[in-house]
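Sharing a structure here in structure tokens format.
Think of it as A, B, C, D and E in the order they're written, each chain with its own count starting at 1.
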Amino acid sequence: EAITVSYQPSLYWALPFHVATEKGWWAQVGLEPSFVTFPAGAPQIAAAQARDWDVGGTGSVPAILGASRFGLKTIGLTNDESRTNAIMAPADEIEAVKADPGQVTSLLLTTNSTVDYTARACLDSWGVDPGSVEFVNLAQAQIISAVISGNGRFAGVWAPNTYTLQERADYDYLCSGVDADAIVPGALVAREDFAAENPQAVRKFLAVYLKSIRWIRANPDEAMEMLVDFYSEGGVEISQAGAAAEFELRPTFTLDEQVGLMARDAGPSDVDGWMTRIAEFMTSVGTIPEAPDAVSYIDPTHMQGVAEDQALADFVNAD
Amino acid sequence: MGEIRFDDVGRIYGDRNGGFEALKGVNLAIADKEFMAVVGPSGCGKTTCLRFVAGFDRPTSGTVSVDGVRVASPGPDRAVVFQQFALMPWKTVRENIELGLRNKRLPRPERAERIERILALMNLTAYADAFPHQLSGGMQQRVSIARAYVLDPEVLLMDEPFGALDAQTRVVMQEELVRLARRNPRTVMFITHAVEEAVYLADRVAIMARQPGRVKEIVDIRTIREAERWDDHEKIEDVMDLESFVHLRTQIWRSLREEKAMEIA
Amino acid sequence: MGEIRFDDVGRIYGDRNGGFEALKGVNLAIADKEFMAVVGPSGCGKTTCLRFVAGFDRPTSGTVSVDGVRVASPGPDRAVVFQQFALMPWKTVRENIELGLRNKRLPRPERAERIERILALMNLTAYADAFPHQLSGGMQQRVSIARAYVLDPEVLLMDEPFGALDAQTRVVMQEELVRLARRNPRTVMFITHAVEEAVYLADRVAIMARQPGRVKEIVDIRTIREAERWDDHEKIEDVMDLESFVHLRTQIWRSLREEKAMEIA
Amino acid sequence: MSRKTMVGGATIVTALALWYLATSVTQMISPGRFPSPADTWDAFRQITGAGYANGLLLDHVLRSVMLVSFGFLVAVCTGVPLGLWMGWSRRAEALINPVFLIIRPIPPLAWIPLAILWLGLGDAAKILVIWFAAFVPSVINAYTGVRNLDRTLVEAARMLGTPLLTFVREVLLPGASPMIFTGLRLSLQASWTTLVAAELVGAMTGLGRVLNAAQQDLYPGMILVGMIAVTLCGWLMTAALGMAERRALSWNIATQARD
Amino acid sequence: MRILCATNSLLLGLIGFSAFLGIWALLSISGLVPSLFLPSPLAVVERFIYLLDHRFAGGTLLDHLWASMLRFAGGFGLAVAVGVPLGLLMGWFRLLDDIVTPLFDAVRFIAPIAWVPFAALWFGTGIGGPIMIIFAGAFPPCLINAYRGAKFADPRLIEAARMLGTPDRRVITEVLLPSAVPSIIAGLRISAGLGWQSLVGAELIVASTGIGYMMVQGQGNVSTTTVMAGMIGIGIIGLIIDVVLRQAENAILRRRGLSA
């Protein structure tokens, strides 16, 4: 069964795809995946509209954008990126800035992204009016160039760019999503019509992803090596320390955890809550006219379907 | 079989009310197989008249007809030899000559045979596969004439065909054209600025005048030429030294000079 | 004051060993205030010779000198009249004529006065503020001649100046040039293809030959012209009907035709 | 002229009608793929009322016009003299051409990383990127203009004893000016088409910024508004250049014949 | 304007080029500009050679160039296939001219990369989207030059063809097309340049293969040498495309006796 899987290269949450391919798990469930990659969320979502892909992983902002514009479904979680979406600052100034956050008057970041969300949450937690801060919009790679050439003091970036700044510019975390109580999940998504027509393929896809996550947790050393390879394949040279940080800072979720986080037995689920906050942020900055109702695009049925399908569940949990 | 008639032909450029009247009341008849030269000051409408016969343009009044049929569009029965040769630079001599024959849908062997014949006649055989730019001006004009002749047209229209050639080449071409025209007569309308050329080549010379363009006078050459046996001389300068020639030339010159004088005054 | 000499002049194009020998052993002396016409088949090197005098090019052997001084660079003492007029299209008639005077750093009032005089002489006063493209070919050539004459040069160099004009305009210009040259004599080197023009205008005619380019023959006209009082006739066709004229013309024609014949053979 | 206007007008009207039919009436094209006239109007209302991407439409337009004009002027002031020089002096051409040939095919966009490193995030970097795009046509056309200058005009000037400065001012420059103006048109167009790239360099406002933001937001209506604004600005500036050209080249028959 | 002999101009070219490299090397080696901002020419060449057989950002330099070339060939080919015939037809049929011209004028100032979002929405970002963006860059010169070439075909040649009895359709193929060929090739050169530029734009923004993408990744790694190696790759391919087209142009002009 053919399925096209999309992701952004050199991101931690895409490692499970790589692992599954190396281990030959796709074939075991009868999927023949082909992969397409995108440098950023917006073109990835646009390409879904052109039917370039069926399922994949992406940031929460693009997931909501896709939901709002084209009915993209969120079917699961990749990881929690809250610690790796951060405002970074020169390491030796961190304390001073934390003491007086009013110094943050200009921020280089990729606007309308998860790090934009994080940054605003940080400002909010400091009690700084976002209106008093200049948001300079740059792609992530350009933020690094700008910082390195001394053209910006505060930068909003996500991993692995956080490590690049730590290592190359002597920067450190000033404020991450966790510090500001802004949970930034990564989303597993599916095109609405594909999911409706091929629910079983979607579930097999989830099963493979979850099995990889399980394996990564069980084999951290081997996984770390694979991560380094996988990143360099995508053009990112990450240090051992950076790789270790990825594992340490980015919690992933097993099948049972995901089912739990997405369960709506007692009102809105945890995921509903996280995503809705992000959607409200997007509404507030004018990206989308109104926040979509979580129930309309966060679809836990596939995750539940995996759990309820004994064969798939066994596949996920087998060693 | 090739008679050209201009009946009260007029041509107004621009809009019909305030336009510029380039030709008015032009009457001219060129008999079958007659060689008619047309001379006149620049801008008197010679080219315009020729374009009517070729079918590139139409008079705004009066009619232009060939063999009694009003001219409607261009066609290979009225071949044109242009001053600037107008050869396709991307085609060889042979291909240039062949185009008209292909349009006529002649079978390949017949095309080949007719091309060989005309190449030989025009002294071009050695250059059949050359491109125009590899030829001198005179040879290019010979190709252009060959392209017209090979169609075996009723009517040949030539607009200052030798105007772009240097003086020495020009006389060689004139002599060749005379030979061709005497051996293989066609109805020819031949525009030129050079009075000597007109007198040397033509059966009759039409003198045009300006503002508005019209035919002012027609001078018969043929009678005198035949009487004085010009054609017995092979070289043009021998003919040009004849008193009968000088006399005709000066007659036409004077007529043209009158025009010019009026203009400057 | 204006004597031109070619001493054993040669010109090789391309590289010095395997190059093409355009001119070889050209010897020619044009006396002060003499009007020398140069005729010859196309490519014989007429333009090349003129460009040496103008200073646009240099011989590869021999020397070209004016008043005994070897020519090194172009200058307003040797004014050139080009076949294609070479007027600056972005300057008015007056500005075109003025450029050379400004380069000479003449004061404004003197410039203005000299320009008025030459405009009047060349019948151009009404067109002083027109742009070249608004003038006919003949008028443009008159501006070009005015631009040269206004510098009051020792030497006038003309390369087929009337080649781009139609036949009627051409004779008018020829007559004007004769008047100008007789009234205001200058050393003139005048290249033309038209033998009649050469005979009508020049004191002497140099006939050039090809391969390699050289001066083959020099025909004296002045002696006969003065003896037969050609200048008493005002119109060119009256001169051209004179037997002495026809004779000289045919003599030069024959000399050129020989060349042509050799070439075709 | 009138026929042309009529057919042109009819074409535009037909295109608009087809747009309306396809997006709004028959829904043949889903609004996610291409905005309907109503979406576009809404986007227009938003950017003129509440603003979008840090500013109102007018702010963006002014900013971009300023940036383009500046980049264009810098490109012209450097490109035209260089082109004239290369056209005139074979030595200069031989000296400069190899470097020019190697740098020329590198797209302006590819300079962005270096532009940021070298010049930071300010206007200088943006202008550098525009300059890379607009410089080339100015050079090439000035060069061609000199090379195509009628040789007899150069000789006529020399024969008249024209000194160098007068020659450059009164012969070389006017002689090459029709080609130079062609180059200016191309440079202007290149400046506008590079604006989007230039404004990737941390722009706060500007039409390129609007397009970039609308792209990130997947906001088709706003993308179209941005495109239309760019087109109108480019068109108006070209028209202004055309007027300057007609004035400067009034002596040129070809320019007069064109209209 | 004295004519320089060939060796002389080659020498001057070398001097100019060496001066360029020299200044560059001096700036970076002397430490005036940090090597992070401007690596030395040698470091860039080293990186270039290294990338030829080492994978970076998903492939070797050659893989990236190849991916870019494929996209380019698609977009450029389409632009030529549509632009040239349309331009010729517009040059012959006035109605078509009047219809197409205003539409065309309306989109001329839009940057090819401004089409990125629509291209992604309509054709995705794999092959179709980039092809459309390249097409947007490459199409206008193809159309305009074919159109002008046809429009400015010597009217006497058209008249000559008509007097030889050539039907309309054949006038287009036998006169307009060959007349327009020099202009078309000049157009192709411009068009290839613009197409190649748009390609890089597309890859910088949407693609995840190709030379432009490789440069973005290099930038993200603070590897200025990679960025500049990418620029050199782009420059070389662009130069090769232009040289090939120029050779074709010269060959055709020479065949017609027009010196290039």
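Criterion: a contact is a pair of C-beta atoms (placed from the backbone, for glycine too) under 8 Å apart; a residue touches a chain by one contact, two chains touch by 3 or more.
Everything numeric here is computed off the predicted structure, so don't read it as measured data.
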{"item": "Shared interface partners, meaning chains that touch chain A and chain B", "value": "E"}
{"item": "Touching both chain B and chain E (chains)", "value": "none"}
{"item": "Number of hops, chain C to chain E, where each hop joins two touching chains", "value": "2"}
{"item": "Pair exhibiting more inter-chain C-beta contacts, D-E or A-D", "value": "D-E"}
{"item": "Length of the line joining the C-alpha centres of chain C and chain D, rounded to whole Å", "value": "49"}
{"item": "Centre-to-centre distance between chain C and chain B (centres being mean Cα positions), rounded to whole Å", "value": "32"}
{"item": "Computed distance of Cα centres, chain E from chain A, in Å", "value": "38"}
{"item": "Where chain A and chain C are represented by their mean Cα positions, the distance between them in whole Å", "value": "86"}
{"item": "Per-residue overlap in chain C, given as positions that touch at least 2 other chains", "value": "none"}
{"item": "Per-residue overlap in chain E, given as positions that touch at least 2 other chains", "value": "36-37, 116-117, 121-122, 218-219"}
{"item": "Contacts with two or more other chains, residues of chain A listed in rising order", "value": "42, 46, 49, 139, 141-142, 145, 148-149"}
{"item": "Those chain pairs that satisfy the touch definition", "value": "A-D, A-E, B-C, B-E, C-D, D-E"}
{"item": "Interfacial residue positions of chain A with respect to chain D in the complex", "value": "42, 45-46, 49, 65, 69-70, 108, 111-113, 134, 136-139, 141-142, 145-146, 148-152, 286-288"}
{"item": "Of all residues in chain C, those that touch chain B in their complex", "value": "41-42, 136, 166-169, 171-172, 193-195, 235, 237, 241, 246, 250, 253-254, 256-257, 259-260, 264"}
{"item": "Interfacial residue positions of chain D with respect to chain E in the complex", "value": "3-4, 7-9, 11-12, 15, 32-34, 88-91, 93-99, 101-114, 117-118, 189, 192-197, 211, 214-215, 218, 220, 223, 226-227, 230-231, 233-235, 238"}
{"item": "Interfacial residue positions of chain D with respect to chain A in the complex", "value": "32-33, 50, 52, 112-113, 116-118, 120-121, 200-204, 209, 212-213, 215-219"}
{"item": "Chain E - residues contacting chain B, complex", "value": "154, 156-157, 159-167, 170, 174-175, 178, 181, 255-258"}
